[in-house]
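Worksheet: the structure to be examined is printed underneath.
Per-chain residue numbering starts at 1, and chain names A, B and C are given in the order in which the chains are listed.
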Amino acid sequence: MSILTAGVDIGAATAKTVILRDGEILAHAIRPTGYDVVRAAATVTEEAINKTGLGIGLGDLKYVVSTGYGRAAIKFANKTFTELMCHAKGAHFLMPSTRFIIDIGGQDSKAIEVDSRGNVVNFAMNDKCAAGTGRFLEVMAHVLEVGSIDNMGPISLTSNDPCEISSTCTIFAETEVVVLRAAGKDRKDLIAGVHKSLTSRVAIMAKAMNIQPTAVFTGGVAKNVGVKKYLEEETGMEFLVPDEPQIIGALGAALFAQREVRS
Amino acid sequence: MAKHYDDLLTLCGWEKNEIEDERPRIEESFRRLELGPEDMKTADTWVRTYQDVSLMGVRKLLGAWIKELIDMILAKDEGLKPVYYGMPAITGPGFIMAGASDDVFVCCPDYIITQVMGHIFNKLTPIIVAGEQNGMPPGHALCSLWQVRMGGLAKGIIPVPAMTVSSSYFCDMSAIGDTLMRGLYGTTAAVIDSYMDGRWGEFPEVRPERITFLGEQINNALKKAEKILNITITPDAMEKGTRGARECADRIARIIEIMRADPVPWNANGLQLLEGLAPASTRRGITEGNKALDILISELEERVAKGIGSPGLKKGAPRVMSYHLHIGDPRCNRAVEESGMVIPVTVVLTWLGGLPVKPDKVYPTAGENIAAMEFLRGLPFGSNGSLDRFIQAADFVGLDGFILKTLYNCRPAAVSSRFGKKYLEEKTGLPAIMIEEDMVDSRVYSADYHRTQLETFGELLIARNAWKNVDNYEEEIMEFEAKLRSSEA
Amino acid sequence: MKALEKLDSHLKNRLNDLSKAKGQGRKIIGYAAGGYLPEELILACDAIPIGFVQAGDNRTLRDAVNYTMKYFDPFWRAQVGLAMSGKDPWYNIVDFIVTAMTDTHSRLFATIVDYYGASQFNSWSFGVPHHTKDESALKFYLHGLSRFKDKLEEFTGFKITDAKLKKAITLCNKERELFKEISTMRRSKDTAVTSRDAIALHHGSFIADKKVMVGILESYIKEAKQSAPVSHNGRARIFLTGSTLARGDYKVMDLIEAAGGTVVMEEFSEGIRPYQFIVKTEGDLMANIARAYYMDRVCAGWFRPVDENLAFILQQAKDYNAEGVVWYHGLYRESFKIASHFFPKMLKEATGLSMLLLETEYDKSEIGQMTTRVETFMESIKEASNG
């Protein structure tokens, strides 16, 4: 008999749900978390369930695991796992050769070493600082008036002379960018500088660990081609990006749910 | 007639007659602390939630801390000469001064206020904020214990002391804080200096000149205290003074032995009550504290004999060692246990007697004997001394990992903020996590801030232990996941 | 001044000179800042001392992130970054790094270099006590120097004899005397000596050849005496003090001058060579060095108690006719942070002067805020002097 499980990842910026049936990804959904994490979890899970086309409801899910910063608030979850474990699980499931993961989300960034079984053997998270996270890009996208944040990455690749942005703090970096803009720096160079600055923060954290192939880049920021490029330059390692890098945590949670059912 | 604080004090091990006898003192202290009926309810919930109050020893220990706080607040009013020292304290000189005269009240106000107002009453923040406005501004990573002291002085909770004693070699805060106090309140300080320049690989060998220097500094500080306080430190005073600390150290050693059991019979917040007992108090805190520990030891031994753990702590839970438990907020310590781990020992407890040490000779002066002991205990030796104590403890109590704290509020502890993890992992093969924390002020570094890292570390250790304990666990999981990938489940 | 041109030229070629010296078998001993590492010992074993006082670029802090958390003084984090990154030519050229550890921030540097750098550097460290003018502390300091002396002899293969040590002491005393003379000249309102010159000489002295440096100082003094005084008319006279004035960190000087001020004197615990003492050349030379460096020198800002240091600053502010004090320290340097809380009141009561506090993390974004503060301070001084 088929077993349906779900993983729900409530991040600072987006909520994600993945529905699995016996190891097959049936559907997933992503939506902004907003203010009400409980409602976001329910809504995104309902959306994913509807996308399965099976005519099922929440009660048909045998087991639900929640993860992300809002995981404790999800009452319909049977268990919680941290997002580090879930990202490791999810990435390793898709690519069993995964040994190193960088995840950059809305409010934090993580580096994870995994072994051949997909177990976490070492990890690091950014210190109390937004400068190595998606929030940094959001702030800068607003300051530099690029419209959609999705434009940031492609524009950054057009620069040949990225600006040096030295501030370690998002707020002071914003000041620095404003000053550079007033000094006449080209916008694409500023955008490239912003990307370099973000990746340098993350790379510093990663380089303290054992970066080895296959290295995987997950989280919403992984969709940014500029960050990927600079990350690879800084670390000297090629990073693979899954087709849907934002849902890896939710996928890992759903896999943990499958495991819980089996055990 | 019963008052609003009776139930709480009873919960914290006070006898009825003690409450009756001390009503005026209790009420005056609580007035200065701005503690009212609502605070008693909060404290009641707080204590029952975070402390193992089924143990009478724990309740008595809590009571001992409250008594020390009341005695400290009223010391000057009652004609005593308060002497304050800072953390980490060299316990010996303080005890010796206290032993020399019943008129001298020696304590570490920073720790006592934090322990009681943080752990029991959950009302530490206003005092920290007052300290921030009294010479110790926020955002500069200053010692939050010192912020508590300056806040306590600013709010009139604690009296201006007759003198201060700073063991100024561990950190730069202690003596500069004394200078601030002199500038603001005219206090006089005795400085006990040394240097933490033990080189890598040296511990536990201590260069003779280190013992000589620190010993002389201690002896000189005692001489200065004699002049300022108008006391005479006789050999009897030394013996009387140091007895309490020795007895406490013996009890801590016994408790750490007991904590080798699985499941651990006592929780982290309880263990934390011991971390400041000898360093911070010389009066009822330590005398009644020692009695409380006797009761507690019997209770813990009984639990171990029956195979019972502290409520909520499971058999087989991963055992981790911390540098120092959170003094001001029990939620931060509980977060470790909620993440599936248990804490049987901390580095500070090894320093205080948890792992007994014995110098290889007896020196001619009290100062040198104290100095020799201090260096062997690890903390004042140098960064490597503390780290090597982690390793000794790992062997002694049986550990699965280490939780190292890169302390925002403590520069000397933060020196090992990166290499500590590397060093311990290489030396022991056990995983270590390094988390940023303020061990007094949890406003910024809250339990929730740490939860993701702690839970992940707990999961990592649980999985690691599972692989060790279950023969075919790895193969089962790999087979299962391979089937998932090929959708043949 | 020609002397400064000569210094500039000498420093431009210094790395080449050091490479040549290495090729001839001489050892280059790098030492950390703080002023408690006697160069005399290094010179006496025919080695070359290089003082690490460079900092000011925020990027070096990034290089330190994997070795230390950020809540340490940026000067010392910069030293960690410079030493461990392999990017700094001065750290790269030395054969040996020694730290006379002073407060926790310098201990951070020494501990990291000793631990991580074991495969990269030869290193050594010893603790300098902090108890002001205490004889038992002096004894401990002497122990540290003696152990360092043994280590130097072992490393260089040269025995440090009394004759060599006396020669080195004489040379270093000469340098100190010349710096003192330059400082004394600055007490006068009619002097050709500028703060920029003085700081350039101080900073240059940490990496220049000692004999060349003495020659440059002598030339500078001669030229200064013969030159027309630099006019500071209308400029507020500022006494600049704090934790570290690093080689490469001149932004505060720039801001003060741009805002209409002029720095008439500096007093820093790091980055400015201590020169107020002389080492005796008769008797037990090691004991003389220890006493001079520890007891005769005005204690640094992390000493306990710190009164002597603060009293010295007060006196200097008076001696140099300052109209205001700018206190500039690295973020998270607690000794200086707390002293900066109560010192302004002391300063006001003793001299009537006001103090401006500036804190740095070598971050470019600080400039805007610092500019506003400095300009406001200069304006207030001007208003006060206009009555």
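Definition applied: a residue touches a chain if its C-beta (ideal position, glycine included) is under 8 Å from a C-beta of that chain, and two chains touch if they have at least 3 such contacts.
Just so it is clear, the structure is predicted and the values come from calculations on it, not from any experiment.
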| query | Of the chains shown, whose Cα mean is nearest the mean of all protein Cα atoms? | reply | B
| said: Tell me the chain pair with the top count of C-beta pairs in contact. | reply: B-C
| field | Centre-to-centre distance between chain B and chain A (centres being mean Cα positions), rounded to whole Å | value | 39
| request: Quick one: report the Å distance separating chain A from chain C, using the average Cα coordinate of each chain. | output: 47
| said: Multi-chain contacts only, two chains or more: what residues does chain B have there? | reply: 418, 436
| said: Residues of chain A that contact two or more other chains, please. | reply: 127, 208
| Residues of chain C touching at least two other chains | 66, 69
| Contact residues on chain A for chain B in the complex? | 3, 22-24, 69, 80-85, 93, 96, 117-123, 125, 127-128, 208, 255, 258-259, 262
| query | Can you list the residues on chain C that touch chain B in the complex? | reply | 66-69, 71-72, 101, 103-105, 107-108, 111-112, 114-116, 118, 125-131, 134, 136-137, 139-140, 143-144, 302, 304-307, 331-332, 334-335, 337-339, 341-342, 345-346
| request: Quick one: which bits of chain B touch chain C in the complex? Just the residue numbers, please. | output: 135-137, 140-143, 166, 168-169, 171-180, 182-184, 189, 191, 193-197, 199-200, 207, 209-210, 212-213, 216-217, 220, 382-383, 406, 408, 411-412, 414-419, 423, 436
| query | What residues of chain B sit close enough to touch chain A in their complex? | reply | 418, 431, 436, 444-445, 449, 452-453, 455-456, 459-460, 463-464, 467, 474, 477-478, 480-481, 483-485, 487, 489
| query | Which positions of chain A touch chain C when the two form their complex? | reply | 127, 164, 166-169, 172-173, 175-176, 179, 200, 204-205, 207-208
